[in-house]
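So that we are looking at the same thing, I have put the structure below in structure tokens.
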Amino acid sequence: MSEALEQRDLRDTALDEVLLESRLARTWHTPPGWVGFFTTVDHKRIAVRYIVTAFAFLLLGGVLALLMRLQLSRPEAGLIGPDLYNQIFTVHGSTMMFLFAVPVMEAVGVLLVPLMLGTRNIAFPRLNAFSYWIYLAGGLVLWVAFVLDVGPDVGWFAYVPLSGPQYSAGKRADIWAQMITFTEIAALAIAVEIVVTVLKQRAPGMSLDRIPLFVWAMFVTSFVVILAMPAVVVASTALILDRLVGTHFFNPAEGGDALLWQHLFWFFGHPEVYIIFLPAVGMISSILPTFVRRPIFGYLPLVLALIGTGILAFGLWVHHMFTTGLPRVGESFFTASSMAIAVPSGVQIFCWLATIWLGRPVWRVPFLYILAFFFTFVLGGLTGVMVASVPLDTQVHDTYFVVAHFHYVLVGGAVFPLLAAVTYWFSKMTGRMMSERLGRWSVALLFIGFNFTFFPMHILGLQGMPRRIYTYQADLPWGGMNLFVSLCSLALAAGFLLFVWNALRSARAGEAAGDNPWGAATLEWATSSPPPPYNFTRIPVVRSANPLWDDGGALPVASGLSVNRRELLITTTAEARPEARETSPRDSAWPFWAAIATTIMLVCSIFTPWAVVWGSIPVAVTLVGWFWPRGTPEDDS
Amino acid sequence: MKPRIVADLSHLPLHGAGSASLTWWGTLAFMLIEGTGFALGVGVYLYLASLAPEWPLGAAAPDPLWGTLITAALVISVVPNMLVSRWAAAHDLRKVRIGLIVMTVLGIVPLVLRVYEFGALNVSWDSNAYGSIVWVLLGLHTTHLITDVADTVVLLAVMFTRHGDNKRRYGDVQDNALYWNFVTLTWLPVYACLYGLARL
Amino acid sequence: MKPWHAALLSLLLLAGCKRETRQARLDPAVAEAMDSVATLPIGINGRPPPVLLAMGEPYRSNAYQLSQGKRLYAWFNCQGCHTDGGGGSAPALMDGWWRYGPDAVSIFLSIRDGRPNGMPAFRERLTTEQIWQLTGYLQSLGATSSTAATPGRNDSMQTRPGENRVPSMSRLPSPHEGGP
Amino acid sequence: MKRASRLLPLLLAGCSGWQSALDPRGPSAQDLHGLFWLFTITCTVIWLAVMLVLLAALLRRPPATKGAAEAAGRRSARVVGGAVAATVLVVAGLTFASYLATRAISSDQPEALVIRLRGYQWWWEVTYPHEQPDQTLLTANEIHIPTGRPVRIELAAADVIHSFWVPNLTGKQDMIPGRSNSLVFTAEKPGTYRAQCAEFCGLQHAHMALHVVAEPPEAFERWRTAQLAEAPAPEDAEEEEGRRVLESKACAACHTVRGTEAAGNLGPDLTHVASRRFIAAGMLPTTRGSLAAWVADPQSIKPGNNMPMVSLTADELQAVSAYLTRLR
């Protein structure tokens, strides 16, 4: 036996359960303390870190929202001047979109995709670590700049010429543009990891029609990220070049065009909405069956709806440019394509309704969030149909009607599902349940606070209140409703605070969860809570779309993987037949150093173009350090 | 849940080649990202050209000599590139070493020519929007050239260490060759825009 | 937090705040005090108003003030005689040569009181603060290196590189120019 | 539909106003208003239907036997299919309604009155072009239009993107540097309608309003003739002093008062400033007091705007405000 333990290619077949777990733990273990903190490549640790950071940014962005509501609560309030207000709404929008919504959805994907697929780590785990550090650096750049009074003040959309060299003095707009670069690198890295993980690391037997819907959603989202994000990188690079070295992309006097910015930005900006929304519908599709005690209704239509939404997302960027005077001929086409997105959304809503109809509801907190989602998202989707109409949009575009609409879609359609997801998978990640009692209170506060805060904004917009104004005159009939909205926003804020308090408290003192506390069907519930660093002692074998419900008492697994090195299983793309045993990289500090080097290069390059030249040398050095083979067992072939 | 062993994986190879390798798919995904970037760059070029009363704007079209030489150099380099890829697939260490040296040289040649090409553009990046997009397209492609040459040099160094004779390294060489083909491929539409369209 | 962390942070804070603050309104008393330059009898050089030093010379180092100066340069048609700084019927402004001295006070006086041979006085057309804004901008035009506060190019026909690419005179466009 | 459109506004009490899409005063705005209610009612019905089905699904007792469950599943599949088909139809119908509304609004109006509007940070320059240059009228921050006659506003921007929006009369259209847009609409009833910049344009985006005054054609012509005249002469010594101050101080560097030496073109034309209802781009009602306050300290009232605080003595300020009040 001891000889067997020493041999280089030790397989799990040679070990009993207890010994196997201890050997796997030794192989996959991350050192404790600071060293482990900077070197870990465990997708769960990185994802949790990502999620916690994103929620911290959510709270910061929320504080900014409250400041804006304070200023708008009465006409001509002098609490916040125009300069600070412009910075506040820009940083609020940028934080919520780039530092909260997209990263948190991607992070939940990083957390759950490998667990749901039954593999031991995400593909390219070091890239994953790099992604987190870059994201953190981007967030810090924005917020440190904001604290230093260099916060961007040109809106989260940074329209030229206002953000261009002539009308935006200093480095404020550059900070915004470069923050975009940071978050795009982070998001693109995760998209690549998820695409490859889904294609190649599924548990044996998990053919395309057995992939959990959340994974499908993340898969489609990743493709949307890959195709949409380069547009904003091109746009923000062009903006920085215009501002720093005097290129003329957006200067109409020298052959440039102000609308070019809008085309590029919205070619990214509209799919961005679906980058946030698709993971959320994936969460609903994966959580809902557990709380109605039956498999999802209409698996295939739901997958097709996800793919359809992902494709249509690219057809409607012009949707944001209806008032820019584009040719009339195209308008009906863009109206039609904008409204067409209602069809896949409708398919999803109807399938979920049928699932509930055929099932037996279990009234726990995640299910309550899903009901709140239905109420608000359907409303937001329908106002979306209104703004998709070109003529109607000319009245509501850039008013509080649109502010109301997209908060209904993003908070109702993405944040409520996200809170359901956090409540639901919290038990898996911490091994403890979140408090049901506090949870019900926060659902109630969030639901009531949200609707009372944002519904009146529809009316304010129709009454003529434009967006992005730091104040309004007393002779305009908006004062009363604005005060009401501001007061209700406090209830919404209280709901978020209660949620965070509940999470913090339950993480330490919550009720123990057990492996599968909700009685769910997908693979992440087949391992312990929290899962060990290697996720699964043995790779599960999948025989249906709801493995934990359909397989009776015993989990079919495969054996034969090595335990002396970090090893996982590669399967074919369509059928998920085992193809190879592959290794997964060890812990490394190089991704952290590469992120530091990249940060220095990116930050300095808004001050001098030469930073791209000298700054790329440390980046290259850290990347060589990262990829240089080390002769570990993981390098064997 | 109690595990029940239903399959044995011990017979599987220790490393997947080609489409069974994660890095191959990763390379593909990055090519998709960067390809989108090139497509958008060319899109911006065409968009600006469609707005302009004349094209190129206020400048003579770039002198075709250096750009054409680069095109020729890149197209020619595809042949040894494919050979290196084939030798890597056959795990022929000696030939791979020689091939990588050749590819390093063939990577540096277009970079040297590129310096002259920038000089032959007849327009500065801050003259007008045409100059800006021309410089950015060329800069974008140059960045890819530099990246891939650096990657080739590092691989070459690895192949002369004890880590060289390893299936994973051969896989890396193949992925690097794949990427070089991509860099060559993306040059063609850029070349067509910069030199073809500007002369129409 | 270690003491040097705090020091570094406050330094950054100071640099950031000062460079990007946007002060729209001056206290009228301060605005008035900015007129009190003590000058040498020959009308060039002198001591800038103490209030300017107390404020940390924002018109030289603050991005917003510099951009205001740049706007005034166009609005009050300085380019009518000086063209874009390259000099026309009036002296060049970006070659680093100053007929009446390169210091802020001399430039300020030239704008406020005018100079012989055609430079009109702008005393009655600009406020003192605006003259200081213009002065700061002109100094950045003639500087040998740009700072993070220097403005970029304008959204108009380009006749020379943007201000943040000084020294501009040596960079007047030529078709074969190389660079980053 | 007709009745609902009369009934529903009651639910949204207080929705009308002088800058409101819910209170249409011209055919374009009426078309858009009708379209708005068509969409709103359709969407409300759909939303209620979804919520009712959800409620029913929650309260429903699930089928007891396996056979019943399978039958329910098959029924659900048919219902879902039907609902998707209905969604397609509704979307197509609403698209068609949008198309009709667009066609009605954008129909060509060759005999329209042309007005050029140019957006500045943060005010509006208004030009009424005429073949004879001396009949071309230049004013600011207030547009007069004759009722019953279509007007075409040609939109341009001097610096950054702005957007022209009079919700009571029609939808908005952006003013983009380097591009030209236009907007055609008609006002049917006389009245003053407030318009506001609807595209974020910097520090004082919140205070960039303009008023559209619709009046009967005769009144409009009277206004136009009056506006073409040079500035009224001062009537007393104080006003005379006010004109002197305006001409000799920095005011004249940026503003024009036709008939005086003030001929700056960087700020709004002040020839008839007191005839306009508001000053500072719709911010303050035109009174002698507000004019004095504005001249005395524009940066406290509208921080960041391009008008500097010109240092004037109390007497000078009195005189300038007296003179400006004369400029009717």
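Couple of notes before you dig in:
Just so it is clear, A, B, C and D label the chains in written order, and each chain counts residues from 1 on its own.
Following the convention adopted for this analysis, contacts are C-beta pairs under 8 Å (C-beta built on N, C-alpha and C of every residue); 3 or more make two chains touch, one makes a residue touch a chain.
Note that this is a predicted model, so its numbers are computed, not measured.
When the C-beta pairs in contact are tallied for B-C and for A-B, the bigger tally goes to A-B. Separating the centre of subunit B from that of subunit D, both taken as means of CA atoms, is a distance of 52 Å.
Subunit C has its Cα centroid 46 Å from the Cα centroid of subunit B.
Between the Cα centres of subunit A and subunit B there is a gap of 31 Å. Averaging C-alpha coordinates per chain places the centre of subunit A 38 Å away from that of subunit D.
The set of subunit C residues touching two or more other chains comprises 22, 24, 153, 155, 158, 161-162, 165, 179.
In subunit A, the residues that touch at least two other chains are 83, 161, 166-167, 242, 245-246, 248, 251-254, 257.
Multi-chain contact residues, meaning those touching two or more other chains, occur in subunit B at positions 125-128. The full set of touching chain pairs reads A-B, A-C, A-D, B-C, C-D. Only residues 22, 24-26, 28, 31-32, 71, 75-76, 124-127, 129-130, 155 of subunit C touch subunit D when the two sit together in their complex. Against subunit B, in their complex, subunit C makes its touches with residues 153, 158, 161-162, 165, 173-179. Those residues of subunit A that touch subunit B in the complex are listed here as 11, 13, 123-124, 188, 191-192, 195-196, 199-201, 204, 226-227, 229-231, 233-234, 237-238, 241-242, 245-249, 251, 254-257, 260, 263-264, 267, 515-516, 526, 537-539, 541, 548, 553-561, 569-570, 573, 578-583, 620, 624, 627-629, 631, 635-637.
Across the complex, subunit D meets subunit A through its residues 12, 14-15, 17, 19-22, 31-32, 35-36, 39-40, 43, 46-47, 50-51, 53-54, 56-58, 60, 62-63, 69, 72-73, 76-77, 79-80, 83-84, 87-88, 91-92, 94-95, 97-99, 101-102, 105-106, 121, 155, 159-161, 163, 165, 167, 170-174, 176-179, 181-182, 194, 196-207, 283, 303-304. The part of subunit A that touches subunit C in the complex is made up of residues 83, 144-145, 147-150, 161, 164-167, 169-172, 242-246, 248, 250-254, 607, 609-610, 612-613.
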